[in-house]
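As written, the chain order gives the labels A, B and C, with residue 1 at the start of each chain.
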Amino acid sequence: MLTILFDGVAYGMLLFVLACGLSVTLGLMNFINLAHGAFAMAGGYCTVILVNRLGLPFALGLPLAFLVTAAIGALLERTLYSHVYARSHLDQVLFTIGLVFMSVAAVDYTMGSSQQFVLIPQALQGQFIVFGIGMSKYRLLIILVCGLLTIGLQLIIGKTRFGSRLRAAVDDRRVARGLGINVGAVFTLTFAFGSGLAGLGGALGAEILGLDPTFPLKYMIYFLIVVTVGGTSSITGPFLASILLGIADVAGKYYVPTLGAFVIYTIMIVVLIWRPQGLFARSAAR
Amino acid sequence: MPILETIGLEKRFGGITAAHDVSLSIEKGARHALIGPNGAGKTTVINLLTGVLRPTAGSIMLAGKDITGLLSHERVRLGMARTFQINQLFLDLTPLETIGLAISERLGKGSDWWRVIGSSSAVTGEIVEILERFRLADVMHTRTAILPYGKQRLLEIALAFACRPQVLLLDEPAAGVPEVERHELLATIAALPKDVTVLLIEHDMDLVFSFADRISVLVNGGLLVDGAPEDVAHDPRVKAVYLGEELDV
Amino acid sequence: MPSSADSVSAYLARRARWSPLEIAFWIFVFATIWLFPGKYLIMKDTAILALFALSLDLILGYAGIISLGHAAFFGLAGYFSGLIAKYGIINEPVIALICSGLVAAALGFITSFLVLRGSDLTRIMVTLGISLILGEIANRYSNITGGADGLQGVDIKPIFGLFRFDLYGHNGYIYSLIVLFICFVIVRRIVYSPFGLSLRSLKGNPLRASAIGIPVNRRLVAIYTVSGGLAGIAGGLLTQTTAFCSLDVFSFDRSADLLLVLIIGGTGYLYGGLIGAVIYKFLQDWIATLTPQYWQFWIGFVLVVIVLVGRERVEGWIAAVREFIVRLGGRLVERPATVGGGAGPDGH
């Protein structure tokens, strides 16, 4: 049972790293980016190319996935996304769906439609048995990396100047501008960072979630659920939501296999009925 | 029996008290003005009266009936309508459609999905009457979004009037209206039927004193003075509030 | 310009009347039965897509609700009509179609309460989530639904016992056209009614709508239910005319493509879904012959371009084309969006 908990926590933390960029983008720019999963996919495929085909070590493949995806994110933000910020939500939805379709088809064309596996170094295969709990080494790595990232995020947002600029811009864009904060640059950096995190998550998660061209569409709903349940006004909200959902999904699929997939959907609906602005959001919801 | 009454109305937002112990009593047919400095809570009172906000304490009686728990649209059905300080209009609709909509709803035809709108002559007759009363007949087919501001303001009031309310709440009707169009607006308000009770929030003191037969002064969420215009005008406390002196409320 | 109650009545009545252009449109549509005998199957698919798009236009264009999961209604009714045909529960296709529509409408009613709460984002979530849940259910209970292979053994009996569904799709097409037309007439009545006007006011300014006595939520629940029902009829039509139903009726692609259809055709003036469906099918046919596998890429591309160019600008072009056609002869369904000289009771 504790193994289930362990796996659920790993899955949840992975979800968090994948989804937190979406949460920040939504909270910061009030922008619904359904193409977020495409960045995760990009990171995954990037690592596949680097590690499998070019033979780079796995430890290098991960940060490179982050950087490459962040760069793509920054580029797209400057050239495309920034034109769509002021548009209606419907336009944003249509735009990002268009991007997803394009990226899915492009990846299908270039990399084929079969599932890809990242070559995991020998050291990460297998599991530790600690106090009778089977802990997969890979999942342990996920928890470590994601945990460090989460702490890092909290520190950046809470303790750095960039973090306070970001929080100011989230709170009130106009006032932040009036204070001399370069809101545009904050947006670009944040978007790039969020996309990079998604890419890193995609690379890490390829082993557990499965990587194929339909990844962005398959997992779109999961990211949206994390953001809906966790709210967009903090980092801790989506974090707790991800852990909750991760454990619920893993446990659900294990204990009630026939209905396992519905656990997440049920939680989503219950939360939406009970607290439409998210479980952990501030009451001043947008 | 007063047509509109509030008893100890209070609204708190967390630690902020936007309105406390507001007790108004408005007689049928009255022309009642609610004035006070900015931020005094006047729009909060209107929002409480119309159901946009729930009071944290107190009650509201309309023609003797307790409406405190009713939703906005239910209060409209019972005879209370309001205008907004910033125009809240249906920009894609024409004045004809806007007024027609309100009348249809009032006559209970709002959920009729089979008949063509305007097929009832009672409805169209009334549409024309209201459009003419509010000097909108010449623009009745123009999309609201492109109407001049003065006409939009008139439509704002006409729309509330089309609900044939017993009580009409006007939230700063003259706000933003240029001088040249003010006269038309004020004349229209003055010409409202005598059986409609009007509660007016305004900053324009000329309008207030020419229109109102009773004035309530709201300061920091509480009622300071409530009385006839001459008494309020000469009340030293009111003068102090408007001139910014410190006051023990 | 003397305004009187009679002239206003006359104006409103004339506006709601079928214009010569509309009549010509529908005559042409029905004439396709004889004009293009080899194309029944694709025309039938277009008619079904048009009905599906019309249902979405009701909530998107008239009530302003963004739905990313309209396929839920399509698929639910699709499977329902397939199952009741397969197990011989209801043999008359028309009655079966109506029942399937009612089932989808019931789903609309039940889920409307969720859809009304919260922001655009939660609306997107909920609608998407529901279609995914239904898809998951259909997948899970493959012993009933046939799972990934699809529903097998669906045998649709002749309509009224007389008109059999043939291989060329002749009767299927006429059936779909008639259903589309009937549904269109109903939607047209709704749009020109007081109820329809209140919907447009809800979309523009729900605060004010509530402030003039309109029970906003009740109206939205009503239109969402109707929209679901119509989408269900479209889904039932597909199953009945193809004698087959598979998991892709619930797919996200179906909901997303539907949005594209409406965007191409324009929302809020009834014919957008129909025109969009025709253009979409035409595009699909054309692009499929060029690059069969990567249709999805071009759909995405079109979406991105349309949004970047600006939907208002695209709608402006469509409106300009419409104005042109309108001036050629008669009036199409009118939008009071003309700047300056808005149509008066004495003429255009």
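Operating definition for what follows: a residue touches a chain if its C-beta (ideal position, glycine included) is under 8 Å from a C-beta of that chain, and two chains touch if they have at least 3 such contacts.
Since the structure is predicted, the reported quantities are computational estimates derived from the model, not experimental observations.
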item	value
Reference chain B; chain at largest CA-centroid distance	A
Dominant interface by contact count, named by its two chains	B-C
Inter-centroid spacing, chain C versus chain A (mean Cα positions, whole Å)	34
Separation of chain B from chain C, taking each centre as the mean of its C-alpha atoms, in whole Å	41
Centroid distance [mean C-alpha coordinates] between chain B and chain A, Å	49
For the chain C and chain A complex, residues of the former touching the latter	60, 66, 68, 114, 117-122, 124-126, 128-129, 132-133, 136, 140, 252, 256, 259-260, 263, 293-294, 296-297, 299-304, 306-308, 311
Partner chain C, residues of chain B touching it in the complex	50, 52, 71-73, 76-77, 81-82, 84, 88-94, 96-98, 100-102, 104-106, 109-119, 121, 124-125, 127-128, 131-132, 137-138, 140-143, 146, 159-160, 162-163
Complex interface listing, chain A residues touching chain C	26, 32, 80, 83-84, 87, 89-91, 93-95, 97-106, 108-109, 217, 220-221, 224-225, 227-228, 258-259, 261-262, 265, 268-269, 272-273, 276-277, 285-286
For the chain C and chain B complex, residues of the former touching the latter	1, 3-6, 8-9, 11-13, 16, 189-190, 192-198, 200-201, 204-205, 207-216, 219, 222, 336-340, 342-345
